[in-house]
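In the two complexes that follow, chain A is the common piece, with chain B as its partner first and chain C second.
Let's look at the complex of A and B:
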């Protein structure tokens, strides 16, 4: 494979990893807890920004870009901080948007928050440096490793994959637990769940904050790779691309939504890149947004459970042999 | 009427706009009894039930459950004290299986805490889960629904959903079960089935308060009946005595 193609594929894989993490986070909020989290991109952007400024070093008057909270932290710390900021922000948004509101109004509040955040970031130049945002964020460990550009690309693919593994482990533990089940019950019928003593708000908040943490981490992994951040690249339509990925992949199914992330943001949007330029400049881009919307509608109408639907969780009967992964674990114990 | 009241409702009020749906209702439910709440359409029965369960806020009056005033408590806190309700419209968790629906009914699952589910992991709740699953399977067996265990709850028939909801409520180990028209919209055969199950719960000593339209059912199941019309209690007693009560007959004929 030529270097150019290697570069292209490795970049694509990193984008995929970022999107897969993001849909896992959004799936906790939307697929598991039933919150129409239309402000999701804000948590991702906040995480990305946090990671950026914590890598760039302190902002000085002499430097060409101004930002708040700059520091020079070693590699995994900016990502961890990004997760904390994403979670914290989700907690704040949740307090306003989830408490005492019906789910359709929650969706509206979230969308408005997303729009407000963009305007704020663009126009309050002293906060996040306005539309210019951040640039020249150094890549993690790049200096120390002494790798060639292309080797570093593959190194970062591995790094992003490692984050995916950790997050998958977490969301799986979450969704397979009784906590996840109670949260899905709230999603299906909030009143009935409350009538069984479930803390509807509490269960939603846990999922919402956990989703925010994951969003922050995914944003950090992205910004540490591309080295730049600006409000204009985190607009609300990006949230809908992730929603479409979830609807296409299979709402509520962790594997399904990951496949959705492969199909929609990567497969669908990337393949249209190779279309010939027709119409005025930007016409194909505009068509992409329309196509994503149509795709979401088609799935909602005709295939609401998605390509890999949420699976039934079965429980072994007493004396029954465990199947699948549980059987593997048993083998390991015997050895 | 003496005895041991589990639920006492005093001068309960609830309006919607200008309509006084519940207008000064007082009654009590004795421990171990099955009490019927009947009345013509629009009498305020379901509103009264909703206010007792906490889904609706009371405008005035008080609800005392098991010696504690609960008028201001949120539904989840009432449920945690053993006041469990079912709904008039089917309210299953449709994208959970039948068995999972029942598991959610368990009130004190250790695996539903943040610490246990996310920090400590499956080892910390697996044993509890096994016990709850066993308890749910017993219920399924008793209600002859074992073959539906792994079915999505959303695809059950109307009658099966009713049974599921009653079972789910039983998983919560209720002190008082509030039933809002448990047989509404169910075919007669299944309705008889539900009635038989309720009969058995009654024999087992469970306290129940049910809103029901079918007077035959009320007569067979309920020890005592409260009649509501236009937001007020107009009569109470056994079905037998009520049948002779002119006001009750009028309410049904006019209402």
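Let's look at the complex of A and C:
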């Protein structure tokens, strides 16, 4: 493979890893807990800004970008901090947004939160450098390893994959645990879950904050790689792309949504990269957004449960003999 | 002090535009139970219609009428051929939001693909200025306010006194019951979308007249204020939306004048957050309570 292709594929893989992490986070909030989290991209943005600022070092009057809270932390720390900030912000948004709101009403409120956050970041020029955003964020360990540019690319692919593995382990544990089961119960029938003594708000909040942490980490992994982050990179349609990925993949299914992330943000948006440049700059982008919108409509109409639907979990009644797969699983457990 | 009064003057203009938009938005929800997040983008589309018209020498007030027609037709068709089929297909609340956001993205980017991501201004003369205390209004601003007042009075009397308005309110509160009482709910819904679409079109031109320049995302950003006004008044409540628009319009312009211009949208947002924390169903909450949007 020529160097240019290697460069292209490794970059694509890193984008994929970031998107897969993001859809797992969103799936936890929306697919598992049933929260219409249309502000998701804000948590990713918060993570990206945090990681960027903590890697860039203190902002001085002489430097060309103005931001708050700069520091020079060594590699894993900015990512961890990004996760914490993402979770914290999700907690704050959750206090307003996760009340007993009808799902469409909630989506509208979250969307307004997202719009306002972008507006604020754009207009408060001294917090995260306004519309220009952060740039020249140094890549982690780049100097210390002494790798060539292309080897570093593959090193970063490994790094992003490692984060993916950790997060997959986490979301799998989460969704298969009693906690995940209770959260799904809240999603499917809030009143019934409450009647069984489940803390509806608490369960939703835990899923929401966990999703926020994952979003923050995904943003950090992204910004440490591309080195720049501005309000233009996290407009609300980006959340819509992730939602489309979840709808296409299969709401609530961790494997399904990962496939969705492969198909929609990567496959769909990247496939047009090799089109000849028609029209003015930005013309193809506009067409892409239109296509994403149409794709979401098509899937909602024909396959609302996605290509790999959530597995319907069956539990035997007490006293009832388990049948089929459930019996097999129980047998395996007993052994 | 004079700054404050001047800001209130600007606030009255913003509130007029906002009232027209918010009443349209809330009517769509009230009658058909759809939160149409593409509302702002239909406004932008109307602003572009006005841009084409005024660039070809059409009088601005004629353009307003043209946009009302465009908004009405566009919204009614959107509901008839996209939203309603999805609802009949069994798409639930969250799915419908995805549908409206998809439509919003499609409109916004279609406009951008056609016209590019540059700034546009309507060609019209603002007319002479009038001074009332330290408030200053241009003729076009007075015109906007007059249109808003007429539109609001029109909506009020329609809902309050006409048979059609009664049918609309009946459809809003219980479509099945309304149908079995012999109300042609489909036709009532069409009329409601025509009406709210006309308001949407008028608000779009008025917004483009009031800001110095607009882009393909102007209406989408204005959605923050529309949603805040509608939620403050109790979503689905036409009179509540008027009240909410007045509050948010004036508060945001005063904040912009007294604190900093960038606080304009933030005020709308803060009001929205406060309403959600204290009284998520809004001030006038009959419809919101009935449809169980919030508790």
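Heads up, the rule we're going with is that the second predicted complex is superposed on the first by the 305 of 335 C-alpha atoms of A that agree within 3 Å, B and C clash if a C-alpha of one lies under 4 Å from a C-alpha of the other, contacts with A are read in each partner's own complex, and residues count from 1 in each chain.
Here is the rule we use: contacts are C-beta pairs under 8 Å (C-beta built on N, C-alpha and C of every residue); 3 or more make two chains touch, one makes a residue touch a chain.
Just so it is clear, the structure is predicted and the values come from calculations on it, not from any experiment.
Of the two partner chains placed around the shared chain by superposition, chain C is the only one that A:243 touches, whereas chain B remains out of contact.
Touch criterion met: A:196 reaches chain B, while chain C stays clear of it. Of the two partner chains placed around the shared chain by superposition, chain C is the only one that A:294 touches, whereas chain B remains out of contact. Using the contact criterion defined above for the overlaid structures, shared-chain residue A:310 touches chain B, although it does not reach chain C. Legend: residue contacts after superposition of the two complexes on their common chain; A:252 is shown touching chain B, with no touch to chain C. Look at A:263: by the touch rule set out above, it reaches neither chain B nor chain C. Of the two partner chains, chain B is the only one touched by A:178; chain C is not. Comparing chain C and chain B on the residues of chain A they touch gives the larger count to C.
Overlap of the chain B and chain C interfaces on chain A: none, as no residue is touched by both.
On the side of chain A, the complex with chain B involves touching residues 170, 173-174, 176-182, 184-185, 187-189, 191-200, 206, 210, 252, 310, 312-315, 318. Contact residues of chain A toward chain C in the complex are 36, 38, 95-97, 99-105, 107-109, 111-113, 115-116, 119-120, 123-124, 237, 240, 243, 247, 279-280, 282-283, 285-287, 289-290, 292-294, 296-297, 300-301, 304.
On the chain B side of its complex with chain A, the touching residues are 53, 55, 74-77, 79-80, 84-85, 87, 91-97, 99-101, 103-105, 107, 109-114, 116-118, 121-122, 125, 129, 133-134, 150, 152, 165, 168-169, 172. For chain C in complex with chain A, the touching residues are 35, 37, 86, 89, 91-99, 101-103, 105-106, 108-110, 112-113, 116-117, 220-221, 223-224, 227-228, 231, 235, 262, 265-266, 269, 272-273, 276-277, 280, 291-295.
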